[in-house]
C-alpha cells in the first residue's frame, strides 16, 4: 500500500515544484515611454524580495517536513490527510507571494491586505505542520515514541511557532514591512535551528 | 524494460506537477478604480474554491492510482496505454478548473457549461480509472488474482463510481452549485474510504 | 559519478514536467460580446487537438527513452551530451504545440508555417533519438552488444523513422491537416509497437 | 535525518523543473497587421537563443552539482544552506533569460542591462558552486579528503571560473553579444570537460 517512502517522494516533488514555480511570478518589466530597463528592473524589487523570502520559507518547510516524518514507521489515513492539508497550503504560497509583490509598494490598506494574506497562508501551513506532528507522534505510528517530556516539549515548540506566526499575521495591519521582516526572521531562525540539528544528528562515524 | 516502479515514479511525478500547477491559475486581482485589494481578493472566491476542490480530487486520484497499481506484478502494453490515458485526463484538470473559476459567478448557461466541462473531465478520468483497474485485474498481470467475487465487487464499485460521476455531470445543467458540491462530496468520500483502508491494510507489526 | 540511474531519473522528471506543462497552453476562452462559453470552448478545438497529439508524442518519447537506455551499462560523456540534446527538443514541444493551436484555424501560409515548426521540432527529436541510439550501441557502453544484424536492423528502423518524420515535415506545405495526421499516426504506431514489445519482453514467470 | 540521497533527489527535481520551465518563456508571436507567422517566428530569435543557452547552462549545472556532491558522505547544516543558496540562483535563471530575450534586440543600454542581469545571476550561481565545493571539501564531510594539492587545484579552478564569469559579467557593458558568447563558450567548455571526466571516471569493468 502507500508507504512512507512514497508519501515522502510525492511531497518532495510537490515542494520542489512549488519552490521552482516562484520564478514565474517574476516577469520582465514593461517599460513606460523613455524608462530604462535598469529602472524598470529596480522598480520590481518587491518581486525579488518575495522570491527570496518564499524560497527561504519553502526550503525550510521541505526540511521541516523530513524532520517531522522521520520517526514515522508507517503512514495511516490520518497522517495522509494531514499531509495533504499541509501540501495544500505550501503549494498555495506562490499566489500570496505574487500579491505581495504587486501591492507592497502601494502602501496603505492594500499593502496591509497583501501581507496579511501572505501571513495567513504561512500561518495555515504552520498549523498544518503542528497537526501533522501531532498526528505522527501518536502511539502506533512511530517506532518508538520519544520520552513523553520530549514530545511535550516539541508540541509546545510547535504551539509557540503558531503563536509567533499569529503575531506576524496580526502585525500586517500595523506595519507590512515589520510583518514581512518577522516572517524572514522566523524562516532564518528555523533554517539555522534545523541546520545545527543536522550537524548533531548525523554522527560522522 | 519498463518496470512497474518506473511507471509509478513517472505517474507520481505527473500527479505532483499537475496538483502544483493548480496554483498558477490563481492570479493577483486586477483592481478597478477605487476598489480595495481586500474586495478584489474576495471577488476571486471561485478561484479558491476551484483550487481546493481540484487539489482534493487530484490528491485522491494519486492515492487511488497507487491502490490500483498495487497488485500488479508487471506492466504490459495494455496497462501502459490505459495508464497514459488516465494521466491525460488528470493532467487536463487545471484547465476546466480555470474555466469554472472564470465563469461560475456569471451564472446562467455559461456557469452550467463550465461546470459540465469540469464534470466531463472528471468523468473521463473516472472511466480511465475503471479501465485501468480492469486492465490490471486480468490473469497474468497480478501475482495472484483475488477471489472472483472480490474482483467482481470492486468492478461494480468502480461502475457505481462512474455512474455517480455521470449523475454529477448531468447535474451541471440543473444546478452548477449542486454539481460542484457532488464532486466535493465524492472526493471527500473517496479520501475517507481510502484513508481507512490504509489503516486496516498496514498492520503495525 | 553520474550513473545511468541518475540520468534516467533526471530525464524522467523532465519528460513528466514537459508532458504536464502542455495543459498551461489551454486557457479559458475570452468571449466576445454575446458569445456563449460553449461556443468559445468549441472554437478552441485546435488547442485540444494539440494537447492530445503532443501528450501522445511525449508519452511515446518517454517510453522510447527507456527502451534505448535499457542496454547501457554505464553513461559516458557522449551519451550524456546526446541525451541533453534529445531533452532540449522534447522540452521545446509545448512551444510549437501552442503555435499550431493559435494558427491552425487561420489556414493558408501561417497554418503551414505552424505545422512545419511542429514537424521540425519532432524531426529534430527523432534525429536526437537516432543519435542517442547510435551513441549507446557502441562497444564498451552496452553490456553485451546484440548480434550485428540486430543492431543494423535497429539502426535502419531509426533511419526509416527519421525519413518518415522528414516526409511529415515536408507535408506541412502541402496540407497541414495531413501532416498532423501523419504525426498522430506515427505516434500511435510507435505506442502500439512499444506496447506489444513490452508484452513479449516481460515474461510472466 | 536528511541524507545526501534526499538532498540530491530534491536538487535533481529542482534542476529538472527549472530547465523545463525555460520553454514557457517562448510564446507564439503576436502578429501585426499583414505580418506572416514565419516572419513573426523569425523575429523571436533572441528567445530561441536564450532557451538554448540557458538549457545548456542549467544542464551543465546539474552535471556539476553531482560531481561536487559526489565525495560527500553526509550532509551537515552548512552544506544544506549552501545548497539552498545555489538552487536559489539556478531556479532564478528563467527570469534573466526572459529579460535578455525581450531586450537584446533593442540594443543600447537596455541590451547591456539585460545581459548584465543574466551574467550577474550566472556569476552568483558560480560563486554558489564555489562556496558549496568549499563547504563539502572540509574535514569530516567527505569520506576521505583527496590529497591537499588536488583540493587546492580544484579550489583554484573554481576561483578561476568565478573570475571568468566576472569578466563575462563586465563584458556586458562593452558588448552584450560578446558577453553572451562568453557564457556559451564557458558552458560548452564545462560540458566537454565534465563529459571527458565521465569517460575516465567510469571504468568499463
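Here the chain labels run A, B, C and D in written order, and each chain numbers its own residues starting at 1.
Convention: a contact is a pair of C-beta atoms (placed from the backbone, for glycine too) under 8 Å apart; a residue touches a chain by one contact, two chains touch by 3 or more.
This one's a predicted model, so the numbers in the text were calculated from it and none came from an experiment.
Asker: Which chains, if any, touch chain B and chain C both?
Answerer: none
Asker: At the place where copies chain C and chain D touch, is the share of residue numbers found on both sides over half (same) or under half (different)?
Answerer: Because under half of the interface numbers appear in both copies, chain D and chain C meet with different residues.
Asker: Centroid of chain A to centroid of chain C, CA atoms only: how many Å?
Answerer: 37
Asker: Could you please state the distance in Å, as a whole number, between where the Cα atoms of chain A are centred and where those of chain D are centred?
Answerer: Going by mean C-alpha positions, chain A sits 26 Å from chain D.
Asker: Residues touching two or more other chains, restricted to chain C: which are they?
Answerer: In chain C, the residues touching two or more other chains are 9, 13, 17, 21, 24.
Asker: Run through the chains and report each pair that touches.
Answerer: A-B, A-D, B-C, C-D
Asker: What does chain B use to touch chain C in their complex?
Answerer: 1-2, 6, 9-10, 13-14, 17-18, 21, 24, 74-78, 80-81, 84, 87-88, 91-95, 98-99, 101-103, 109-110, 113-114, 117, 140
Asker: What does chain A use to touch chain D in their complex?
Answerer: For this pair, the touching residues of chain A are 9, 12-13, 15-17, 19-24, 26-28, 31, 36-38, 41, 51-52, 55-56, 59, 62-63, 66-67, 70, 191-192, 194-199, 201-202, 204.
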